[in-house]
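Shown below is the structure under consideration.
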Amino acid sequence: MIRWNNDYNHGAHPAILSALQNTNEQSYGGYGLDEWCEKAAALIKAQLGGANADVHFLLGGTQANFTVINAALRPYQGVICTESGHIHVHETGAIEHGGHKLHVLKGVVGKLTAEAVAAEAQAFLNSGVKEHITQPKLVYISFPTEFGTVYSKQELEALADVCRRYRLYLFVDGARMGYGLAADGGDVTLADIARCADAFYIGGTKCGALMGEAVVLMNDDLKENFRSYIKQNGGMLAKGWLLGLQFATLFEDGLYFSITEQAVRDAMRIRDAFLERGIPFHMESPTNQQFAVLDEKQMETLGAKHIFEYIAPAGEGRHCVRFCTSWSTRPEDVEELIKDIKAL
Amino acid sequence: MIRWNNDYNHGAHPAILSALQNTNEQSYGGYGLDEWCEKAAALIKAQLGGANADVHFLLGGTQANFTVINAALRPYQGVICTESGHIHVHETGAIEHGGHKLHVLKGVVGKLTAEAVAAEAQAFLNSGVKEHITQPKLVYISFPTEFGTVYSKQELEALADVCRRYRLYLFVDGARMGYGLAADGGDVTLADIARCADAFYIGGTKCGALMGEAVVLMNDDLKENFRSYIKQNGGMLAKGWLLGLQFATLFEDGLYFSITEQAVRDAMRIRDAFLERGIPFHMESPTNQQFAVLDEKQMETLGAKHIFEYIAPAGEGRHCVRFCTSWSTRPEDVEELIKDIKAL
Amino acid sequence: MIRWNNDYNHGAHPAILSALQNTNEQSYGGYGLDEWCEKAAALIKAQLGGANADVHFLLGGTQANFTVINAALRPYQGVICTESGHIHVHETGAIEHGGHKLHVLKGVVGKLTAEAVAAEAQAFLNSGVKEHITQPKLVYISFPTEFGTVYSKQELEALADVCRRYRLYLFVDGARMGYGLAADGGDVTLADIARCADAFYIGGTKCGALMGEAVVLMNDDLKENFRSYIKQNGGMLAKGWLLGLQFATLFEDGLYFSITEQAVRDAMRIRDAFLERGIPFHMESPTNQQFAVLDEKQMETLGAKHIFEYIAPAGEGRHCVRFCTSWSTRPEDVEELIKDIKAL
Amino acid sequence: MIRWNNDYNHGAHPAILSALQNTNEQSYGGYGLDEWCEKAAALIKAQLGGANADVHFLLGGTQANFTVINAALRPYQGVICTESGHIHVHETGAIEHGGHKLHVLKGVVGKLTAEAVAAEAQAFLNSGVKEHITQPKLVYISFPTEFGTVYSKQELEALADVCRRYRLYLFVDGARMGYGLAADGGDVTLADIARCADAFYIGGTKCGALMGEAVVLMNDDLKENFRSYIKQNGGMLAKGWLLGLQFATLFEDGLYFSITEQAVRDAMRIRDAFLERGIPFHMESPTNQQFAVLDEKQMETLGAKHIFEYIAPAGEGRHCVRFCTSWSTRPEDVEELIKDIKAL
């Protein structure tokens, strides 16, 4: 069986295992205060177009999301996100557990629009009963989104403009950042993200690392005592250099970018195979996640050899399912899948 | 100027001020452990059809809502409510501040339907990733709703059935309970509420008291150590007998019911006047809140003598506004308003 | 039986009941935005020596404590208090429930010393692992303390100096403020409190009102959006003018001061009677609470006519008990108690 | 320089790196639902004397502590621990951040006594104002303690007896469990821990793994929906098998026990060297942490070649410092340190 169900079903890029092996005899200082974290931070900052950033290494996406949001907001402030936002639908209410309301807005192909954000922020300002409602203060977007779609540079800048106008923080969940930057037809760079966002993270877990997310803080207001939030929220790894080492490996010589680009190229070939076969998508995605709509016969046929993820019924006996490529996708598996799609 | 903007703009029914006066020389035990709280609880229980209830006196609606919900739920459990639910739109995110997610469903004239609740509960059971999402565990409804509408006995029983089937708590916000029970054409009694709900409260603030809500716990699971929750959440009045005394006064000889019934009769006369004048409502309400849709000229004319509450634009230059009657409404003011409506 | 067990066992000063009666026909705006709250705030500010203050009216002490502390602190910051601090021993962990650690220091007759505070603040600064520990950021003291003792002006200024040096907020719980200001031999005025503290409150519940605490914010950093915290924490009374009206009554013509001064004079006479009789105190108190140490025979004799509060065993078959006077203490009851003490 | 400052300064036991290498081509299910987690759980359960346990793999100690405690307690319940408890002094107030008060008791060489726990539990039962104070409900101990000391089987059983008598949960922080079980003169087995505790964890981070703690739940009340708590608190690793794989490696053939036993043997040789040289300890420890009291000259001399951790001043110009051995300690480094101690 070949697993396409997600992009976190293999260990780590071989270069990372080698790095672990090579440093295993060495001893390091604890809690992220070590030379590997320093080096990884420097390599990441070199991609940000010169802006002044703080970089911290956390363990996973849910943790990164609630730690940043808890650090950014006061208790009466809330988060704007789409109805498909990961924090809304897939993190067991961790943001609310931290005390914050979500202002859930309708997205367009999984994306927040600058107009919708402006309307929500303006509605608060217009309200005559401000102390009875939560103040939207942070905008959460995913790049790419949970549907694999991406913001264009123009869309991102429009969001950033609205956020500055209304003094909202813009926070980008980049659990799949590498795949987003490599999007087919995309025009956004890491430096664009850094220029537009107040905080974001660069996903390692789904992009070549064993685990780990690099949280990048751009806005000075978010930087103070951020390590206290990490520790209090359980995200401070004793052997912090293990995270720094992985990101240093990924950002040395552009490995992070090359492996995610390859995964997107693979995904585009799979997308094309579905389209040629006349199989539609729930949403068209230019990144590593493909949400195809199959009938039950097709599911059964493909399911004999391939593991994919069930998403939701799509009406008329059809179903939306997800196929993911990743840094670990093998060329021969792509060929096999394409062959099987064609034969449906 | 005559105030119709809300139902909490006057002090208290004269009988309550007399009771305060008559007991002011008397000393009492603190924190709700006194003879007046006991008496008030007994009077309330006598209305509940014999079921075994615990009664506690809290200070206000927001406090009652988050105290009950915090006591009922574990951190990973959430609350089902409508998009107009008071806890969702008007309490500064107090439920989320307490750590709980709201599952916001579309209401029908402000009411949750049993079908929508069942669908949400079933969706959780069907989910393959239960630990990644919050478990709906409590259903919050308002009786009457924020739009003044009321559940019929049948609707209430249908909700209670669904809640029992899915092991959800049913919690009724009764900030305006008196007006709901007196609803024009309504068929729900306090004993029905007690039979259907796991917890509810009987509003005093808007129904004759200076302040105070009587929280009634029906389900034994919610009763244990509830006083600890009250204290921890800041709801334990040192001079607790002041609340007991007010509710004892209101529930002695049915005063609570008679004054809210009169208010609803007044509201029905105002409703009829609007309808006769051809003025529509945002939603038809059989209780003390009337949400009329006025044009700007009408607003100006009525606004010269009457204070009403602005709710929202209603399109085509018209606006939804609220007129409330209450226990403190004076007959001559009702006549005046009706006369002015007719003259529009 | 005569109740001396606490200072919240009677309703309200007659002037307050009259004020309620006189305004009961009047209608007011809700949620503390009314002319009485405005007037009360102005009367209070007039006592503060000209400093720029915000005044808010909350319902009780626990609520005032956690609302101010939640508004002042970030999640990784903690509160310094004594081991007898009310927030530590008598509020069901409400501060921790709000997410904040208490740094509990040994007090001297119930008081924090400037030295102890400085040592705790310096220990944090000296720590090499700041992100692993909570940052002390707010100093909580009670005036008078839970043992009835008071800070001298010099002690208060020393605390304020330390707080400024270490950038800590100084917050004064004034649930019994009136009795503290009237302390026998005391030299602290409300203007001194305002000058030294970043926030404090003036207790109404125990000093003549039905209920209510006037929270005074001096530090501008604490003022922003404080009403959002009040609402979110359940402290925003719908009929807010009821609190403003009470404080306006108490601060018109100095009633607050005269009634608490009388209570302290009564307490001093009771204290002297105990001392003359050779009965010691757990701690000497110059305010309205007297903590006498009685043997069991004495407890039984006095207990036949007087209700007092049991505090703790005091060794050798003796027990610490509390006698409180208050604004509601009747002269004839004082005479009776003194007579009975003498006859022990 | 040789690092003795802590026991988490090297990567992982070579067997773990090999296991990572050997499985890297393999794909697995996510979030801890995989064959390695299953196998590791089975291997751990085989050590527990047959009792029925649930095993979950979390990422670190702070996270394990607050996740278990948040799952076990209601908001008004608190945790009993010593003044040196890790949750009290070294986790940035994470337990309070989760809403729970610590009841901090004096320890004896870092250990809680059954008597002290019983007294605290009884004091709550005796209190006349239970709803004003937090209910102690969970007892937190560390095995070994933060000072390296261990409970004897008799002490552990006495604590368990008290906990059962007062219906308290007993929770054992086993971040250094391996070293505790290997304690010089110790008589406690993992089966003893399982028999006495309601929940505990087996530390991986400090005992051979890259990271990870195996949380073992014995009491059925704690098992329900525990995965929801893990996810909500950010502890659910996407590639969960990485944790299972490590623990399976450590518990296959007793590796966990053999490597920690060796570390304790090394520590005992270092302890003896200090004692022979006449250098005292802050507390005598039979495990891998040795808290020696050095003068400044000795610190300087040893510091030229060895990195150790500064703990606290010890009076008269001397200082308490920590030397740790671990699974990664090299024999030649032990010889070097012993030689250097002898030469002091």
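Should a chain be cited, it is by its letter among A, B, C and D, assigned in written order, with residues numbered from 1 in that chain.
Convention: a residue touches a chain if its C-beta (ideal position, glycine included) is under 8 Å from a C-beta of that chain, and two chains touch if they have at least 3 such contacts.
Only a predicted model underlies this, so the values are computations on that prediction, with no experimental measurement involved.
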Inset, instruction - Return the chain pair with more inter-chain C-beta contacts, choosing between A-D and A-B. - result: A-D
Inset, instruction - Give the label of the chain whose average Cα location is farthest from that of subunit D. - result: B
Inset, instruction - Measure off the straight-line distance from the CA centroid of subunit B to the CA centroid of subunit D, and report it in whole Å. - result: 50
Legend entry - Distance from subunit D to subunit A - Cα centre to Cα centre, in angstrom: 34
Inset, instruction - Averaged over CA atoms, how far is the centre of subunit A from the centre of subunit B? Could you give it in whole Å? - result: 42
Legend entry - Interface hub residues of subunit A, defined as touching at least two other chains: 75-76, 91-93, 97, 99, 131-132, 228, 231-232, 236
Legend entry - Complex contact set, residues of subunit C against subunit A: 31, 70, 74-76, 99, 130-132, 135, 225, 227-232, 236
Legend entry - Of subunit B, residues touching subunit C in the complex: 3, 6, 8-12, 14, 17, 20-21, 23-30, 59-63, 66-67, 91-94, 97, 205-206, 210-211, 228, 231-239, 242, 328
Legend entry - Residues of subunit B that touch subunit A when the two form their complex: 75-76, 78, 89-93, 96-102, 104, 128-129, 131-134, 310
